[in-house]
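Take this structure first; my questions come after.
Chain lettering (A, B, C, D, E and F) follows the sequence in which the chains are written, and residue indices restart at 1 in each chain.
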Amino acid sequence: AVYVNGKFCKDPRKVSPNDFFYTGLNVPRRTSNRLGVNVTLLTADSIPGLNTMGLSLGRVDLAANGGLNPPHHHPRASEIFYLIKGTLYVGFITANPTHRLFAKILTAGDVFVFPLGLIHFQWNIGSRQAVGFAILNSQNPGVVTTANTLFGAVPAVLSDVLAKAFQLDVATVEYLQQLPWQNP
Amino acid sequence: AVYVNGKFCKDPRKVSPNDFFYTGLNVPRRTSNRLGVNVTLLTADSIPGLNTMGLSLGRVDLAANGGLNPPHHHPRASEIFYLIKGTLYVGFITANPTHRLFAKILTAGDVFVFPLGLIHFQWNIGSRQAVGFAILNSQNPGVVTTANTLFGAVPAVLSDVLAKAFQLDVATVEYLQQLPWQNP
Amino acid sequence: AVYVNGKFCKDPRKVSPNDFFYTGLNVPRRTSNRLGVNVTLLTADSIPGLNTMGLSLGRVDLAANGGLNPPHHHPRASEIFYLIKGTLYVGFITANPTHRLFAKILTAGDVFVFPLGLIHFQWNIGSRQAVGFAILNSQNPGVVTTANTLFGAVPAVLSDVLAKAFQLDVATVEYLQQLPWQNP
Amino acid sequence: AVYVNGKFCKDPRKVSPNDFFYTGLNVPRRTSNRLGVNVTLLTADSIPGLNTMGLSLGRVDLAANGGLNPPHHHPRASEIFYLIKGTLYVGFITANPTHRLFAKILTAGDVFVFPLGLIHFQWNIGSRQAVGFAILNSQNPGVVTTANTLFGAVPAVLSDVLAKAFQLDVATVEYLQQLPWQNP
Amino acid sequence: AVYVNGKFCKDPRKVSPNDFFYTGLNVPRRTSNRLGVNVTLLTADSIPGLNTMGLSLGRVDLAANGGLNPPHHHPRASEIFYLIKGTLYVGFITANPTHRLFAKILTAGDVFVFPLGLIHFQWNIGSRQAVGFAILNSQNPGVVTTANTLFGAVPAVLSDVLAKAFQLDVATVEYLQQLPWQNP
Amino acid sequence: AVYVNGKFCKDPRKVSPNDFFYTGLNVPRRTSNRLGVNVTLLTADSIPGLNTMGLSLGRVDLAANGGLNPPHHHPRASEIFYLIKGTLYVGFITANPTHRLFAKILTAGDVFVFPLGLIHFQWNIGSRQAVGFAILNSQNPGVVTTANTLFGAVPAVLSDVLAKAFQLDVATVEYLQQLPWQNP
């Protein structure tokens, strides 16, 4: 098997409309998990026709009363978020040295932008399930969920590093490191 | 006044969350026009925070029984189309020499990809208004509606050129050229 | 067989000067066809050394008294057109909403620019064969000849779509769809 | 004042060799702070000639016995790190879903790569001050220090969001949020 | 006066077809100079509509019996060269460590490719004036004529540097440095 | 064997920290050769993890009293040079028509920028070995050493071409062409 940057292309003679197609993105996803979130991300893996097109699309379901798409960033994409149902508190934080939070409460029909590579989150503050769409300008944007990446790394990051970085004691860090860290 | 490629940036000290925000994209648009279509395109003009981010988002409303987003292309963007309501016949056509039509009937929850620079369309074949979202990887993608561009150009393209290109007689071309050509 | 975005490279040890070479671009091409046009496009397919170089070059022969390179666009390239013989009426049309025609009569030695992704054409208004060169900034620019793509698609686009888009009756559209559509 | 994406250029007639020059990067920096780290980052702000050149260079001083450049990422750059003095434990963590830690102990003369947008860190495990150089392929790479960004944001991120994301109780989060968060 | 990377744009309302137009590229240029060469390069400076389009076009006139476009490279462009009249010996040389010469004798109608950033030349070995066109994929490609740049620099490069690099004695270098170095 | 633009990727399951690692860049290199220079360039060939990352790093050792990294350029990269030991005279020369030399004497801790594609050099004017680091924004930047490329090409460039370009007599050129041309 050989590997290239990104994905191989299909034989053009064998490409069909279904290679540009996906169905069922309107079906609500289950959010009965610790975070109350479920992300369906359509990349060139799920829609072959996205290969080299520079786009992907995600559906984000957030459970009522606190479903959370926790702080994360995309190493290779900017994002537009469009909320079609529910009420969310969303935001992103600028880089050093300002760490300025740009936050907003969104209701259905609202749009918010998360700039390239900055950490952002969506938090359901409403009393019913919320649904939004995340639009990304890469067919392979990547998702780095901050807490999961740092405390759920395999093998584990040295606990002293995380304790000093987060101003936590080592015991707390090691407690966190043995927890399960579910990805959205 | 001076002009740069794209848009000037705001003074970073004066940027606020509202520069990354748009509201009301869930409000149905009026489609009572000849084509039965209404496109709301959010670019860096409507959301300043999209400047340099490489993304835009459009809402497409299509009237029941034949609303049409007529054949067009985006000179600077690929597209993902996501249908949230209705039933559409959509497609794109490949470049010379194959002119192969990739078409599909979409229902709510379906996704289709239109590759960079290729002509595509959406046609409402259902009995109620349809609504979809067009996702584009440029903050200034441009829209070239094919028929409008060629027959509605100002000043007019020489009728002989269009007659020969479209295998129409000159009288037909000149008749078309004096019609109004509403953009979606 | 495997496929990558673009073309595979040759084994560097087997590359020779001929991989960067093409001969005979000065030979007049036959233009005895319906449109009176003949385009020879040199891409990475005809000159392997163009692979990854971001350039291609086309020769355009236009028959006397009305040879036409009909309206078309390049999904992946801007163009400089250089006329070495004859007299042409050329132009491009800007995107929505302006549809402004930028046109010019060119004689030998004139240069005109067609911006990325915009529809443009060349029309021989002189009494002898014209020859120009099209310079494109992609080794695989693509050509979408507008009328051919829409009316010559395989399978055919629904005639209702084209009738509504072009403000033609369905019978005219269906007549056009069964015509041959020769590519330049 | 007007703003463009990036920085304005100098009048070419007034550019001198000093616009491409910086002195004193060999001078040890003070690391007597909580993290035991001091980063000097040379971007187009400090060397005007870097504007549009796609490169920047940082010096990283790490205090003996635990100086830490805490987990962070660059939203717009890949990095090569080169250690010239000391002994470090360094690493980066891959994106969801693997969260795989790629870590290594470095001694003087060692080089390590941190891929675009991934979280990484450097930790001084030796008994004397360490010095390394961070090489970044953007003249404005940005630095997002993870803990500082999330717990030191202004205004503060809702504590419920961070508590749920990090599996901490709200009181701990609020305690962390009122601490000072010094940037390296 | 302010400067941006590249050039400012014109007010779109004031743009006319002439901004995309240049005339007279078919007029032979005088080549009665030491090198027997005359290059007319059309960039965004001469055709405003080329701004941001990623293309430029040059006419190269070479005097009979030895007119020379001396070894040079373009720091920001690949090139296709198209010969319309005459007989040339052309070539480019690959980078370290191979320094392989790819050379060819061209006659009218021949095309040759010079890859991005490699040193290349055109030498008229025929008995009449030759004319070719250089096609470059940047609106500001730059030209670095090798000998002129090194021996005609202002202020002069230290003669010891050039002597050692070229394996010439210092007197020869200093003799060369006080010669005039006409650019093509 | 098949070839792609750049390098194939490793099987992600087999990637280890050593793929992002290089050791021994602090070891002085031998400079006992004609030019008194030794360049160690780490690209995606020596560090597989640099593949697609857009960066490379070189160590440059220059012998005392005249070690020279002779005039050269990188066809695919800008450069930051950082001097950690010794005293150098460095410079680059701008493109036609100005040929302006931007030069500077550097001592340990100094930084200098060499813009994309411009010819530059480093010359040891101190009495001890000098060491610097070259930082390049490509994983495959290429090095074109000017004199070596032109006078050491295989097969040889026609001596008439070089004689005319450099204003040398043909005998001198042919003498130079049969000399060995060691690359740094």
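Here are a few things to note about the model shown:
FYI, contacts are C-beta pairs under 8 Å (C-beta built on N, C-alpha and C of every residue); 3 or more make two chains touch, one makes a residue touch a chain.
By chain, UniProt protein names: A, B, C, D, E, F = Germin-like protein.
On a predicted model such as this, the values are computed, not experimentally measured, just so you know.
The chains touching chain A as well as chain C are B, F.
For chain pairs D-F and B-D, the one joined by more C-beta pairs in contact is D-F. Averaging C-alpha coordinates per chain and comparing to chain F, the farthest chain turns out to be B. Each chain gets one centre point, the mean of its Cα atoms, and the points for chain B and chain E are 42 Å apart. Centroids of chain B and chain C (each the mean of its C-alpha atoms) stand 23 Å apart.
Work out the mean CA point of chain C and of chain E, and you get 28 Å between them.
Those residues of chain F in touch with two or more other chains are numbered 2, 4, 91, 103, 115-116. Taken together, the chains touch in the following pairs: A-B, A-C, A-D, A-F, B-C, B-D, B-E, C-E, C-F, D-E, D-F, E-F. The touching residues of chain C, counted against chain A in their complex, run 1-5. Looking at the complex, you find that chain B touches chain A at residues 15-18, 20-27, 42, 47, 49-50, 53-57, 78-80, 82, 84, 91-92, 102-104, 108-116, 133, 135-137.
Chain A meets chain D in the complex at residues 35, 66, 68, 70-71, 73-76, 89, 91, 93, 95-101, 103, 115-119, 121, 123, 142-158, 160-162, 164-168, 172, 176, 179, 181, 183. Interface residues of chain D facing chain E in the complex, by the touch rule stated above, are 2, 4, 6, 8-12, 51-52.
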